[in-house]
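All chains are identified by letter, namely A, B and C, in their written order; residue positions are counted from 1 within each chain.
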Amino acid sequence: MKLKTALLGAACALSFAPAAFADRGTDGEVKFTFPQAVSIMNPFLSSGTKDVYAASLVLEPLAGFDADGVIIPKLVTEIPTLENGGISADLTSITWKLLPDLKWSDGSPVTADDAVFTAAYCMDPAGGCAQLSKFDGVAKVEAVDASTVKVTFTGPKPNPYTAFVGALSPILQKAQFAACQGAAAPTCTDPNNMPIGTGPFKVTGFTVNDTVTLAMNENYRDPAKPAFASAVIKGGGDAEGSARAVMETGEFDYAWNTQIPPDSQASMTAAGKGEFVVAFGTLVERIEMNMTDPDPALPEGERATAKHPHPILSDIKVRTALSKAIDRQILSDVGYGAGGKPTCNVVPAPDAWASDNTGCIAQDMEGAKKLLDEAGWVPGADGIREKDGKKLHILYQSTVNPIRQDFQALVKDWWTELGVDVELKAIDPSVFFGGDAGSPDTFQKFYADVEMYANNSDGTDPETYLSQYQCVNAPSPENQWQGENMNRYCDPAYDAKVKVLTTTVDVAERQKIAKELNDMVTKDSMTVIPLVHRGTLSAHSNTLGGVKINAWDSEMWNVADWFRVK
Amino acid sequence: MLTFTLRRLLLAIPTLFVISLVIFLLVDLAPGSPMSEIPLTVPPDVRRKMIEALGADQPVFVRYVLWLRQFFWVEPATLFDGWFGTNWAGGEQRILSWQSRAPVFTIIGQRIPQTLTVIGTAYLVGILIALPIGIYSAYRQYSLFDQLGTLFAMIGFSVPTFFSGTLIIIIFAVTLGWFPTKYDTNLHVTDWASFVKQLQQMAMPVMTLGLANAAVISRYMRSSMLDNMGMDYVRTARAKGMSERVVVLKHVLRNSMIPVVTVIALGIPSIFGGAIITENLFGVNGIGAALIGAIHASDLPMVQTLAFIFAVLIVSFNLIADVLYGLLDPRIRYD
Amino acid sequence: MTEVITAIEKPESALRAIWHQFRTHKGAVFGLIVLSLLIIAVVIGPYLWHPEKLTVVEALKSKNKGPSLRFPLGTDQLGRDMLQRMIAAGKVSLAVGFVAMMIAIIFGTLIGVLAGYYRRLDGPLMRLTDMFLALPLVPLLLVIMMLFRDRTASILGPELGAFTLIVFAIGITSWMQAARIVRGEVLALKEREYVLAARSIGSASRRIITRHILPNVVSPVMVAATLGIAEAIITESVLSFLGLGFPPDFPTWGRLLFDGLSYMQVYPERVIWPGLAISLTVLSVNYIGDGLRDALDPRIRGR
């Protein structure tokens, strides 16, 4: 019965869709709820996902990504490529052509100068721009004429779709932000909270960390869109509360990031007011192995550094055994349900970039035990394995999060069965991810044997992401414990391959190298043991049509096409 | 009494300075960084530049002195300028939140109204329920009413608000559909319809908090009344033939108010402090939600300013409680 | 008055008289029984109830089950036996609740009496109280844990170290209310005739405090103690929530309640058991407190 109603609803959505598209602003208000409230509407000053998504209703980049990760034009006539001459043959420049008659929401024309200004704004050394890496390798941005922007790179750039592409790097209006460059950037409260954009909506009210109210943009480039006359984003609470407000009470139309237990997902869906949608990007929940010794007895400054290899985990047999003992399918089902799938890769998507490595999916407890026997770790009197009088003891840390605690409990069960003595630790995420060099509990310091968290690649090309595992990126006292190679994995062959990747142009070749790099840190060395490929789970009301969830850009990338199902 | 009050007021100034320094050092020492909410895809060198742009890499005492100057000079001057159109502040930088880059006092201004209405109402409701229950429970000790009152109070404070709040949502919002689960901070009361709406959205958070507040206060009221009911002066008053009403409500009640006044006075600053869990649960987004959000984001200027205002309120209300002691019991003298 | 003093000077008979009075209070006896049962259950429970050890796959097959003969309180989302977890959790929660409450009450009463009785100390001590009230709790706890966790763990071992630090952290952040209330009472009491009389016959301050002041502040202290236990149990769950409490595989009532919250609608018993345990503890402590208050009050006892 419920399925039937849902199908009927979907059928209605299809048949009424053209009518709903007919006029701008005829569908009333669309209401969003975010578990974390919006702090600022300028993505260059905060790259918190909540802020970027909210800003994407207002600010637009030159080009974005669709639900399949394919680049699509937004403010430009076409995507520049080698074929159409938009990218120079030597790959050192890219030229964008703006749409004709493009207007800001205040009615003034959008020109190439705005893009030039945006680049200068973000690249200003005193501005503290969060998206600086989008402008990596950019030598200069210039306006060829009023509607042509040319970005020149310092060298050949195999992937030139970084600056002005995607919700993280939109165009700001020069007139509004002219006085906000450099050190003045944070003090421009009004522009930062109410930026003028080209998107389907414009900000009408902003209360920090609470509510954003928006109205349709009369100057939006498509005269028939958006269907909604206004929008509101209410923030705060938790994932459960947000999901409930859409799925059970029907107060809101769209809830972003409703990560709740699979059982609750099912019971909320049964209320029949909305549905959960999931998008798989590159987010992977993984266990990282510490290759260095975190023993507290070591002096500060030498603890957990390359000077002291890990006494247990340096042995690849132990690492492999720990990975083999885990049943990833169970983890995925218990923690994420439809929002997760087991994986053995750190780069699990897009398909063209993902290795076909599935060797870890099947649990192999006996094989794992055999490996430990071979490694010389034999069960002692109490069932705990030991070698040279030393117990096989592992400190397993993660952040405070109900799903991660379930994972810790399950993995502990399996490892205990293996004969490993496991000690668990859960740390407040703001401390764990905070990177405060004074705290012993950050994921960079890694004062534990293994740690579990999720990480992802920004966009579809994993070059930056994979280059994190180079030797130089290991956090250490010398670099104030900053760095992304938490494992302190160090393999000259890996570093060399990363160098090759940065200079390779051919996409097929790049994909091949990326897969090899992925395999080196996962199945070849077992430094990273990926567990679950996680999707982002959001909920939308049955009365909201046109939603196409997207993991490669803002989830609201096509909000102009959304409409009310009548 | 007056000299006492004045002396206490003067003494409060150095006290508050010490408190502000302790808070500042404490928050600064706490692990965590303003970068903890930034996605992992942002590389470390960009993070470092962002921290430099915030000024968070300055030595702690430099930042403390800057904060003092901003709090005691720039902010009042800006406020004054706003009222009279003068230019005392001279465009100096106000206290900016690291998380949102908005002036901290603007954020507080946005959040005060809902905190005061929701939390304040809940507190008032709590007191209004608690006092009669406490008084009558003590007067009729071990009666059915007293037993029920005890049970009510026990449930009230042994059940944490995250639990009672969720339960209330499930009953009144999900099942009955009477009230909205998310508080609309943009609702302005202009007519009867919007007033009803306001009442509806306040109902659930007020219920949750009111229950907890009433539970605590009614226990103190009852126990204090009981202590006084057995006193000799009560027997004397009754022997003189005074009516029960006068004995209980005039003599016993007045003498029982001291611990109750302490509890109530201690609770008033916490109205401003908001109720972290309740505000979060119902999306009230008042001061409490701002404080906890700022703590999680290690937004030092925001935490410091809120905690300091909170300290000022605590010191003032404790002074008020002391003055009230003197009024309630003339034998208490301070000088 | 003389009767009271002689009664105190002969502790044996006084204790007996108190016990006699205590027994007549039905609620108090009920509270004592319930509390004793809870304590017995968590102390000897692990020896009486040890369910079979299941593998992960077996356990997951029986996840989220309601109460049955095999699982008297049902199972959680990973198929763990709730009764076993409730017993293990109770041991920790009761211990944390009582010890932290004792620390808070003793410290609070001491500060309150000193501040109320000695005018010299009133200012400094009350300003200290103000400061503690004003400090934001979460950063304070984070700092305490950061500074002392590794040290206590290396001295006392990870579990006892965590316990000591947690009760200390809860105690140090919750004594202020008791201190303010006691001080208020003492301010009033020390102007009463019998205290003035005691002072005029030359009694030492210490004697006045222990003989005349303390017995009269028992009742607000009792209330604060009752509230304190509940608060300590809940604060512990907040600490766990912040990752500052016990290791994550160490259940406590507060944590079970918190974890069960996301399952409240689907499996309400997940929150009912820990909620009930906490409420019963608080209720029985409260009744015991009531009974003790009556029993300690010579005017009632004499009746």
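Keep in mind that, in the parts below, a residue touches a chain if its C-beta (ideal position, glycine included) is under 8 Å from a C-beta of that chain, and two chains touch if they have at least 3 such contacts.
The structure presented is a predicted model; accordingly, all values stated were derived computationally and were not measured.
S.K.: Applying the touch definition from the top, give me the chains sitting in contact with each of chain B and chain C.
M.R.: Expected: A.
S.K.: Is the number of contacting C-beta pairs greater for A-B or for A-C?
M.R.: Taking the two pairs in turn, the one with more contacts turns out to be A-B.
S.K.: For chain C, which other chain has the most distant CA centre?
M.R.: Result for the farthest chain: A.
S.K.: Whole-Å distance, chain B centre to chain C centre, using C-alpha means?
M.R.: 24
S.K.: Centroid of chain A to centroid of chain B, CA atoms only: how many Å?
M.R.: Chain centroid spacing, chain A to chain B, equals 37 Å.
S.K.: List the centre-to-centre spacing of chain A and chain C in whole Å, with centres computed as mean CA coordinates.
M.R.: That gives a centre separation of 44 Å.
S.K.: Can you list the chain B residues in contact with two or more other chains?
M.R.: Residues 29, 31-32, 174, 295 of chain B touch two or more partner chains.
S.K.: Out of chain C, which residues touch more than one other chain, so two or more?
M.R.: Residue numbers touching two or more other chains: 142, 146, 261, 265.
S.K.: Please set out, as single numbers or ranges, the residues of chain A touching at least two other chains.
M.R.: 428, 431-432, 439, 441
S.K.: For the complex, which residues does chain C have touching chain A?
M.R.: 55-57, 60, 64, 77-78, 80, 142, 146, 150, 154, 158, 240-244, 247-249, 259, 261-263, 265-267
S.K.: Residues of chain A touching chain B in their complex?
M.R.: Against chain B, chain A makes touches at 33, 37, 39-40, 45-49, 125-130, 132-133, 183, 185-189, 192-193, 205, 207-211, 213, 232, 234-238, 241, 244-245, 248-249, 251-252, 428-436, 438-439, 441-442, 455-458, 464-465, 479, 482-484.
S.K.: Can you list the residues on chain B that touch chain A in the complex?
M.R.: Within the complex, chain B touches chain A at residues 29, 31-33, 35-44, 46-54, 93, 96-97, 99-103, 106-107, 110-111, 169, 173-174, 177, 180-182, 184-186, 279-283, 285, 289-290, 293, 295-298.
S.K.: If we count contacts the way the header does, which residues on chain B are in touch with chain C in the complex?
M.R.: My answer: residues 11, 15, 18-19, 22-23, 26-27, 29-32, 142, 147, 150-151, 154-155, 157-160, 162-163, 166-167, 170, 174, 216, 219-220, 223-224, 226-227, 230, 258-259, 261-263, 266, 269, 291-292, 295, 303, 306-308, 310-311, 314-315, 318, 321, 325, 329, 331-334.
S.K.: Touching chain C in the complex: which residues of chain A?
M.R.: 240, 260-261, 263-264, 267, 296, 327, 330, 334, 399-400, 402, 405-406, 408-410, 412-414, 417, 423-428, 431-432, 439-441
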